[in-house]
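Paired with chain B in one complex and with chain C in the other, chain A is shared by the two complexes that follow.
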Partner chain A sequence: MRALLALLRKELYHIRRDRRTLAVLVLMPIVQVILFGFAISTDVKNVRIAIVDPAPDSETQALRHRFASTGGTFQVTAVVPRTSHLESLFQRGTAQAAVVFEPGFATRLGQGLPAPLLVIVDATEPNTGSAIQNYVLAVVSAYERERGASSPLRIVPAVQMRFNPTRESKHLFVPGLMAFVLTIISALMTAISLTREKETGTIEALLVSPLHPWQIVVGKVVPYLGVGFVSVIAVVVEARLIFDVPVRGSVWLLLAEGLLFILVSLSIGILISARTSSQRVAMMAALVGTMLPTMLLSGFMFPLDSMPRPLQLVAQVVPARWFVEIARSIMLKGVGLEFLWQETLVLAAMALVLLTMSARSFHARLE
Partner chain B sequence: MSVDLAIQATDLTRSFGTFTAVDRITFDVRVGEVFGFLGANGAGKTTAIRMLTGLLAPTGGVATVAGHDVATGAEAIKNSIGYMSQRFSLYEDLTVIENIRLYGGIYNLSSGEIRARADAMLARLGLAHAATTQVRSIPLGWRQKLAFSVALLHAPRIVFLDEPTSGVDPITRRQFWELIYETAAAGTTVLVTTHYMDEAEYCGRVSIMVDGRIGAMGTPAELKDEFDVHSIDEVFVRLARPGGYAPAPPGAQA
Partner chain C sequence: MRRILALARAEVLHVTRDRATLAQIFIVPIMQLLVLSNAATFEVRDTAAYVVDQDRSATSRGLVERFAASGHFRVIERAGSPARANQALLGGEATVVLTIPADFEALLVRTGAAPLQIVVNAEKGSAAGIVQSYAARILSAYAVEIAPELRPHSIGGAGARARSAPRVDVHVRHWYNPTLNYKHYMVPGILVSLVTMIATLLSAQNIAREKELGTLEQLNVTPITRGQFITAKLLPFWGLAMMDFAIGLTVGWLFFDIPIRGSLPLLFAVAAVYLTAVLAIGLWISTLVDTQQQAMFVTFFVMMIYLLMSGLFTPVDSMPPWVQVVSEFTPVRHFVAISRAILVKGAGLAEIARPLAILAGYAAVMWLLAIRQYSKRSA
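Let's look at the complex of A and B:
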């Protein structure tokens, strides 16, 4: 016990002395959540709209003017004569939506004939897509109502959604995001800290000492559990204050589950560092080993339900897949441990297995 | 096993795949002796030490350290030995006293013991004023002496020093050897590796390793007589030069 305390104290010194790394570790999740959160945000603002106007006339110009003066909702980024220009505008992201007029727009309206109008919307993110669609149609119908006060106008909009919708709604992102940043940062912390000792050679002094491998592992994990927990709290507060994601269930349960998830991720880092010999390799392994699976297979970005069966099976071993489930359930559905005990057990089992494997790796070194 | 022997190795071997780093070495070290392990870089000195300290399992042969078999008694050995690795074993971002407390704690010394031993150690090294200085800002020579003293903190029966003087200036090397003598005089067995042949003269007995085997073993005087040369350096050159005169290694006659 005294040996363990000495180790814990020593690790705390390491953390405290290396202020820069500590700052990065604490600030990175906060910054990442903001960056990603806004990148993924589905707020309909500054929608980049392109106008295809083959034969400008009074009506098309009036309607164009409407889009240009919506007070920030729309931003007309291009006015082109032909639809063939649209493809690259959409691909480059210069346009999120396009309004396509046909020649003779004003003439048809003047004659009381229906004037067709094509609205094309980028629906890569379906929520954003449908929001944009509604906004565009609102602008059109407002114009129609206003101008049609004397004689009715008949603009007939047709909507076309571009790109395939795959994603779920916005609130689902933030819990996933939490899992994403927490797992990377945690795995990185322990992966680096143990390989650093291998590089400097101090690990040998620990290995020839009477310390048990599990003591070395626990001595490495526990202090970083503290650092990681600060990140958990920061990220939960951030989700609430900045992204207005509610926490409908127990905050304490959420924090406890966060702590458990951090433990699993730290254990991944420890295992990586027990099996690698340089900080560089460990860092890459931790990044790749946590980032990709968490991004792709946790249900954070892509719904697991729509994945092929084999991929769904692989996803079962990704810790974030369970934490995303837990975090979403607590935050959005407000459920308690009675519905989440299975997921919780899976995470606990993962931590146990990973820590045992790490301690074993130390033994293996001596074989 | 004789109680007078601190270390006893018989045909100790370590292979890595097809490469044999240590090839059937046989030697023993008496209690309180300063035993030198000499050899070029890559001759197998560090591998041999790593086997004796329990960092690496032998692939052949047997060895006992402090009366315990390295294959079965690794845990018991750990409490009896001190080790100063070739690479630096103190934490540079910890202060002198924090390093001492860490290793004291690891070896289960009470805080009272740690304090008493730390005070004595720092006084002996003349480092009392630097107790709260981070190790990274202490000159290399002092660090090595400190690392040596920390390896002795738990009063081990045997201490292994792997290239303790490499990269250190001659004056500090001399002082370091004085520390080694003091330690041996107090009854601690010292096994030290070096590639400075002049340091062999400081050892009670030396073994010179060449390509994983013990090329020669004995007191410095015996070796010089045997090879009819004036310095251990010349003995080493004779051994290392292919086709040079090499008598049957005394340890290899098992």
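Let's look at the complex of A and C:
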């Protein structure tokens, strides 16, 4: 025990003396949550629309006017006489959608005949494409209703958006972003701790000391747990104050789960560190191995439900997947442990397994 | 020139002798491309729907049937209670709760309009809006379908009115991605992000490592000039990253069937300019810091900006104006836009001229910056 305390003190000195790194470790998550909390959004607005009107008449002008005066939904960027002009506009990104009239639009409407209208949507990003399509159709049907068309039967849905009534992107993304930023910063913190000792040769000193492998692992993880916890608190405060994300459940539970999650991420770092021999390889493994999987497989950005089944299974081993679920549930739904005990157990089990594996593989290097 | 080649050769040997690094450069990215491309989808399907049917009429059952058959919804309960619906929402088993009121059919027959409550769990990603529009489409299609059966007398009148009222016959075409396949959008993006990550990591830690090991001193006493030094460091990584890009593109084409509508030589020419910019930024970081650890933290920060602010996964158009301005300064944004324009939309040189000019500008500026920064340290 005394040996462990000595190692802890040594690690604390390391952290405290390297002020610059410490500042980076604490400030980076805070800055990133601010930056990306504002940046990540999937709201579709200001759609750039092109209009093809080969023979303008009173009715095409009326409908065009409706697109021009939607107050921010649409922005008419080009009015061209022929469809052949569109390709280049779409390729440049000047237009995301186009409304194509045919000659005689007003004449046909006047005779009570259906007037053809072609809507072209840039569906490169499918959801944006669908959203734009809905907006365009809404403008057209508002125009039709104004002209007196009606449908025989109506089912009127009253839609309620639970847990995030205004559907604000930041409410969805900020809890997930917390998980993302915390995973990477913690994995990075410990990823090079052992490899640095290997590279500089100080590992020999540790090996000849009476410390058990598990004591070395614990000694490397615990000091960083403190640093990580400061980041957790900072990020939660920030989510509340800057982004106005509600914390409907218990703040204490959220902080405790945050601590558990940090422990798991630090364990990943220490495992990478125990298994690799150079800082370069450790860093690459930590970045390449945690960044994209955490971003793509945690449900932070892309809904897990939509992924193919095998990938959903793979996602089960990504710790952030569980923490994103926990953070969103506590913050937005306001539920407590009675709904989250499974997720919590999974995280605890992961921490245990990862730490045991690190101690084991570190042991192997002793021989 | 001979000096550049000698130093470049040394770098190539460093990388090729280290199995772990080699695997990280070639095998890991390809694996990630294969796996993650399946994950990166905002597509919404199989939404778990919980139905509270208080009407229990033929009409309400038919409606639930339409939801189940649409392919967008998976009905997990057809005759639930409001209390258990709430539990299902809180517990995460249900994403949508559909409540059909007791007099649904009667109201439709009597007045031609009936309310319906839809509760969406809006906590889960951007899916909520899409779920809502799917539901709305099913409802209006169903209303049209059952109209003649429920209100046969009024349909004649309405039909007569509809004939006289002006109707716009709308056809919708989805250009560039008619099947709405997310892979066509995401695979080019993921490929770019992987190549960028490898290139930035390799270059950012390179000079920092030489500083740590002390071998930079040895290089400083050789007659090599700063420009030669930076160029020699840049060349081998540039070659490796280009190979990565080519392999990744082949994998994307073979396994995900991503479209290649534009000119490949043009794409590779742009990639060459882009990688020069990215590697120069990496080398600049490397000359700036003292240790590999610092290099890694800066790289990490830069990578996050690259990934989240460049329109790789969420459209730049959706970002607030100040973020759009910031994103102009990330080369990734321009390259992602160009790759998608060339691959998916078949754009030519004229259409991508502006972003390409910006990329070329970056490459030149960052290369010069890296050289200047290095000279300071060696002086």
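Assume the second predicted complex is superposed on the first by the 235 of 367 C-alpha atoms of A that agree within 3 Å, B and C clash if a C-alpha of one lies under 4 Å from a C-alpha of the other, contacts with A are read in each partner's own complex, and residues count from 1 in each chain.
Simple rule for what comes next: a contact is a pair of C-beta atoms (placed from the backbone, for glycine too) under 8 Å apart; a residue touches a chain by one contact, two chains touch by 3 or more.
All values derive from a computational prediction rather than experimental measurement.
In the superposed pair of complexes, A:A234 makes contact with neither chain B nor chain C.
In the superposition on chain A, contact of A:V24 is made with chain C only, not with chain B.
In the superposed model, A:R2 lies in contact with chain B only, and not with chain C.
Judged by the touch definition given at the top, the superposed model places A:S130 against chain C, while chain B stays out of reach.
Looking at the shared chain after the overlay, A:P157 reaches chain C, while chain B stays out of its contact range. When the shared chain is aligned, chain C comes close enough to touch A:A285, but chain B does not. Contacts of A:P210 after superposition: chain B is touched, whereas chain C is not reached.
When both complexes are overlaid on chain A, the residue A:D122 reaches chain C alone and has no touch with chain B.
Of the two partner chains placed by superposition, only chain C is touched by A:Y143; chain B is not.
Between chain B and chain C, more residues of chain A are touched by C. Interface of chain A with chain B (complex): residues 2-3, 5-7, 9-10, 13-14, 17-18, 200-202, 204-211, 365-367.
Those residues of chain B that touch chain A in the complex are listed here as 53-57, 74-75, 78-79, 81, 83, 85-94, 98, 101-108, 110, 134. Within the complex formed with chain C, the residues of chain A that make contact are 20-21, 24-25, 28, 32, 35-36, 38-46, 88, 90-93, 96, 109-110, 112, 114-131, 133-134, 136-137, 140, 143-144, 147-165, 167, 169, 171-172, 181, 184, 188, 192, 196, 276, 278-281, 283-285, 287-289, 291-293, 295-297, 299, 301-303, 305-308, 311, 314-315, 325, 328-329, 332-333, 335, 339. Of all residues in chain C, those touching chain A in their complex are 18, 20-21, 24, 28-29, 32, 35-36, 38-48, 63, 89-92, 95, 108, 112-130, 132-133, 135-136, 139-140, 142-144, 146-147, 150-151, 154-155, 158-159, 161-178, 180-182, 184-185, 190, 193-194, 197-198, 201, 205, 209, 292-294, 296-297, 299-301, 303-305, 307-309, 313-315, 317-320, 322-323, 326-327, 337, 340-341, 344-348, 350-351.
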